[in-house]
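In what comes next, subunit A is part of two complexes: it sits with subunit B in the first one and with subunit C in the second one.
What follows is the complex of A and B.
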C-alpha cells in the first residue's frame, strides 16, 4: 500500500511504485515526491501493478508529475496497469500525454 | 508551576509548602473549600492538592465546583486522605478528583504525582487545542461549502428553466454536486446539452462551474457550435484551474429538425443513442482529454456527427455511475451499463429503469462519487421551443434604415463563422426578439450553401447515409483547409417599404456557381446540412432568388410576416 520511490542515478530514471487505491488519500505523499529534488530525474517509470483503483484526483496527480517532468516534453512511462485501469486512463485520453505500456 | 493547597490544618499546610518549595513550585494556600474555589479562579494553578474534611466547604464540594468552573479545561486535583478509606476515595473520584495522596507526606511521592498529572494535563491541553483548531476549520469549511452551494444553485438554476425534453437524475455525494448539467436552446431552435464532472466537490468545483456555465449560455444564445464552445471553455478553465483540476464533460448539439447530432466527449463514460424502443444504435466513447488540461495549441475540438431520425433517446452519465460498488466491492462498470441497452430485453429501458438497476446493484455497497444520469428525448413534440411565439415577436422594435457589407477571404473563412457575428450586428441595431431564430436560420443556411457548394463543391447526396455523413464532414474539413483565392461577400440592407420593414440578405461567393435546382432537390430530400434546407428558407423569407450563374443569392426577410 502507498507510494515508493527509487532512483537509478546512472540512468537518471525515477521509479515510482504505487499500490492500493490511488486516490486523494495519496495526495500528500505524492506531493512530497513532487517537491523532493532527490526524486527528480530525466525520465519516470510509474509502476501501477499494485493499483486497484484510481479516481480523478489520481489523474490530477499524474498531471502534476507531468508538468514537473517538463510538460509536453515529459518522458513518463506508466507500466503494469490492470486492464480496467488502462481503460480509465484511456477514457481520460491520457495515452496522448503519457506512455502507457 | 503553581500548586494550590487546600487544607484547614496550619501544620499540614506548612509541611506541604516546605516540601513543594524544595522543587521550586509556587505555592498558593487556602484554608477551606470555599477559599480554594476563589483562589483557583484568581490564580489559575496547574495542580491542586485538596483535603477532604474542611470547614465552610468540604473537599468534595470544592472539587466538584472547580471541575465545573474548569469546563473542558483539565485541572488535576489530588485529594489528601489521612487513612485509606475506600468510601471517601470513591466519593472524591466521583466528585472529579484525579488522584490521591496518603498522609503522612512523602516528598518523592508528591513530586512524582505532580509530574505525572501535569504530563497528562499537557497532553490534554494539546488535544484540546487541536480539537478547537479542527472545529474552527470544520466551521470554516462548512461556511465555504454554503457559499459554494449558493453559487452552484444559482448556476444550476439557470439550467433548470431549460429544456422539457431533458430528464435528469443527479445525486451528490456531499451536500451538493461536483457534476453540472447545462441545457439551452440555440437561436435556430435546436439545443445544446452539457454534462460536466469537475474534479473534487465543494468550492473547488464551483470555481470552474461559474465560467463554464457563462460560456455555455452566452455562446449557445449567440449561435456558436459546440466545437466553438468546448474550445472556449477549455481555454478559460485551463487558465483559471490549478493543474490537477479539470472538468470531464460530454456535449451534444442537436438541430431544430432533429436530423443531426454533434457530439464531443472528453473523459466521460460512453454517450448512448437508443432507438424509440431503448435499443442501443450508437455510442460515442471519450476521445478527448477533460476540459482545462490541454493548452489551446494542443486542444482537439473534433466532434463526431451522427444522423438522427427524430425518435431517438440519448443517455449521458458521469463516472460515479460506473464506479458505484456492490457489497462485494465490485464496480457497476460500463459493461452493466451497456447491458441495459441490449436488444433482447423485455421492456424498453428509460431513465427510471437505469436508476433502479444501478441502485439495486449498489444496495449495501458504496457510492463514492456524484451520480448523474441524463436522458435526452429527440422527439420534437416534447420540446417546448416554438419559433412563432407571438408574445416574443411583440418585443420587436425597428426604426432605422441601414446597410452593411462584409466580405471574407479564404483565410478568414477557415477561422471564423460569421453567422453569429452578423446576427449580433442585426440584433445590436434593432430589437428583434422572436426574429432572431429565423434570421439565424436564413443567414446560416445561405452562408453554408455558398461555402459548402459554391466554394468547396461538396456533394450533398453524400449525406443520405450515415457513413456518407462522416465522409461529407471530413471532405469539408480537408477542402476548407486547402482553400485559397476565394471569398464570400454578404450585403445586408434594412428598408421600410409601404410601412413594412424588410431586411435583404445578399450572399455572393467567388465560385463558378452551382446548380441551384439540383442542389435544392437534394436538399429537399434529406433536409440539408443542418437539417433545414432551402425549402425552409423559402417559407421563412418573403422571397429568395438565385442569379443565373448560381453564385449569388438574395433573400428578402419581412419583419411583419
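What follows is the complex of A and C.
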C-alpha cells in the first residue's frame, strides 16, 4: 500500500510504484515527488500494477506531475494498469498526454 | 353417242310395254279381235312415246299453269329477299348502336384510366420527393437524422467537457491543498517565533525581578529604580500575555486550514466510475442510432428506386392508353362496313321489288339485270373499303407501336 519511489541517478528515471487505492490520501506522498528538485525535467515510470481503483484526485495528481515534468514535453510512462483503469485514463483523454502501456 | 344414250334413256320405261306387245303378237295366233283392240292401244301408247321424244320442253310448257307457278315462286322469293333485307337493315341499326356504345365505353374507361394513372403518377412523384427530402436531410441539417447526429455529438462533447472539468478541478484542488500545506507550515513557523518571544519576555521578567531586588537593597536611593523595574516586569508580563493570544489565533488558523483541506479533499476526490458508465452507455446508444440511420438510409434509397419504377410503369401505362383511340377508330370502321352492307342490300331490295311488281317478261328480265348490277356494285363497294384503319394509323404516327 502506498507509494514507493526509486531513482536511477545514471539514467535520471524516477520509478514510482503505486499500490492500493490511488486517491487523495496519497497526496502527501505525491507531494514529496513533486517537490524533489532533482527529478524535475527527468523521465518517470509509474507502475500502477497494484492499483485497485483511482478517483479524480489521482488524475489531478498525475496532471500535476506532468506539469512539473515539463508539460507537453514530459516523458511519463504509465504501466501495468488494469483494463478498467486504462479505460478511465482514456476517458479523461490521458492517452494523448501520457504514454500508457 | 349422245343420241343413242338419250334413246336408251327414253325407251327404258317402255321395255315392259314392248314385252306386252310381243305377248299380244303371240295371242294373235289364237284370237283376231282381241289382237286388233290391244294393237290399237299399243299404237296410241307408241305415238305418245314418240311425241315425248320429239319435244319434251313443249310438253312441259304446254301446261298452262306453269308460268303462274313461276311468278308466284319469284314473288315468294322476292318476299323472302325483302324480309332478309329488312333484317339486315335492322341488324345494321343494332350494330351501329352497339358499336357506338362500345366506343363510348372504351372512351369513358380510357379517360378514367388516364385520370387514375395520372393521379398515381402524381402520388409517386410526391412520394419520391418526400423520400428525396428525407435522404437530403442530412446535408440540409433540417431533418431528424441530422438533429440526432448533432445530439449525439453534443452529448459526447458535453461528457468530455464534464470529465475534463472534473479532472482539472481535481488537479487545481490538489495544487490548492499543497498551497494550504505550505501555508500551514508558515503558520507553524510563527509558533516557533512565538516561543522565542516567550523566552525573551521570561528573561525580561527575570531581569526586572533582579532589578527590583537590587533597588530594594539600595534603600531610599533605589526607590525610583524599583518603580522602573516594576514597569518593566509589567511589560514583560503583557508581552507574554500577547504571545499567548497570538498562539491561540495561530492554533485557530491551523485548525481552519485543516478544515479547508478536508473540504478540498472532498472536492478533489470524485468517483470516476459513474462517468465511465454514462460514457459507455452514450457510446452504445450512439452506435445503435448510427446503425439504425444507416439502415434507414439504405431503405430510403430503395424506396426512391421503387418510386422511380412506379413512375416509369405509370408512364408506360398512360402511353398504352392510346389504344382507346385505335379501338374507337376500329369501331367507326365496323359501323361504316355495316352501313355499306345495309346500303347494298337496300339497293338489291329495290331492284327486286320492281321485278315483283311487273308481270311482263321483258320488264322482269330488265329487273333481274338491275339486281345483278346492284349486286356487282355492292361487291365493288365492299371490296373498296377493305383494309384496317389501324394499319393506316400506324403508318401515319409511329408512336402506337404497342398494337
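Following the convention adopted for this analysis, the second predicted complex is superposed on the first by the 97 of 101 C-alpha atoms of A that agree within 3 Å, B and C clash if a C-alpha of one lies under 4 Å from a C-alpha of the other, contacts with A are read in each partner's own complex, and residues count from 1 in each chain.
The rule is simple: a residue touches a chain if its C-beta (ideal position, glycine included) is under 8 Å from a C-beta of that chain, and two chains touch if they have at least 3 such contacts.
Computed from a predicted structure; not experimentally measured.
When the two structures are laid over each other on subunit A, do subunit B and subunit C clash or fit?
Here subunit B and subunit C cannot both sit on subunit A without a clash.
Scan A:72 for contacts with subunit B and subunit C and give back first, second, both or neither.
first
Going by the contact rule set out at the top, does A:97 touch subunit B (first), subunit C (second), both, or neither?
first
Counting only touches as set out at the top, which of subunit B and subunit C does A:36 meet: first, second, both, neither?
Neither partner.
State whether A:8 touches subunit B only (first), subunit C only (second), both chains, or neither.
neither
May I ask you to decide whether A:54 touches subunit B, subunit C, both, or neither, giving the answer as first, second, both or neither?
After superposing on A, A:54 lies in contact with subunit C but is clear of subunit B.
Using the superposition on chain A as set up above, list the residues of subunit A that contact both subunit B and subunit C.
On subunit A, the residues that contact subunit B in one structure and subunit C in the other are 55-57, 59-61, 63-64, 84, 87, 91-93.
State the interface residues of subunit A toward subunit B in the complex, per the touch definition above.
Counting only subunit A, the residues touching subunit B are 55-57, 59-61, 63-64, 67, 72, 84, 87, 90-94, 96-97.
Which residues of subunit C touch subunit A in the complex?
Against subunit A, the touching part of subunit C is residues 160, 163-164, 166-175, 177-178, 181, 265, 268-273, 275-276, 279.
In their shared complex, at which residues does subunit A touch subunit C?
Where subunit A meets subunit C, its residues are 23-24, 27-28, 30-31, 34, 54-57, 59-61, 63-64, 84, 87-88, 91-93.
Residue numbers of subunit B touching subunit A in their complex, please.
Residue positions touching the partner: 197, 199-200, 243-246, 248, 266-269, 285-290, 293, 298, 319, 323, 331, 333-334, 368-369.
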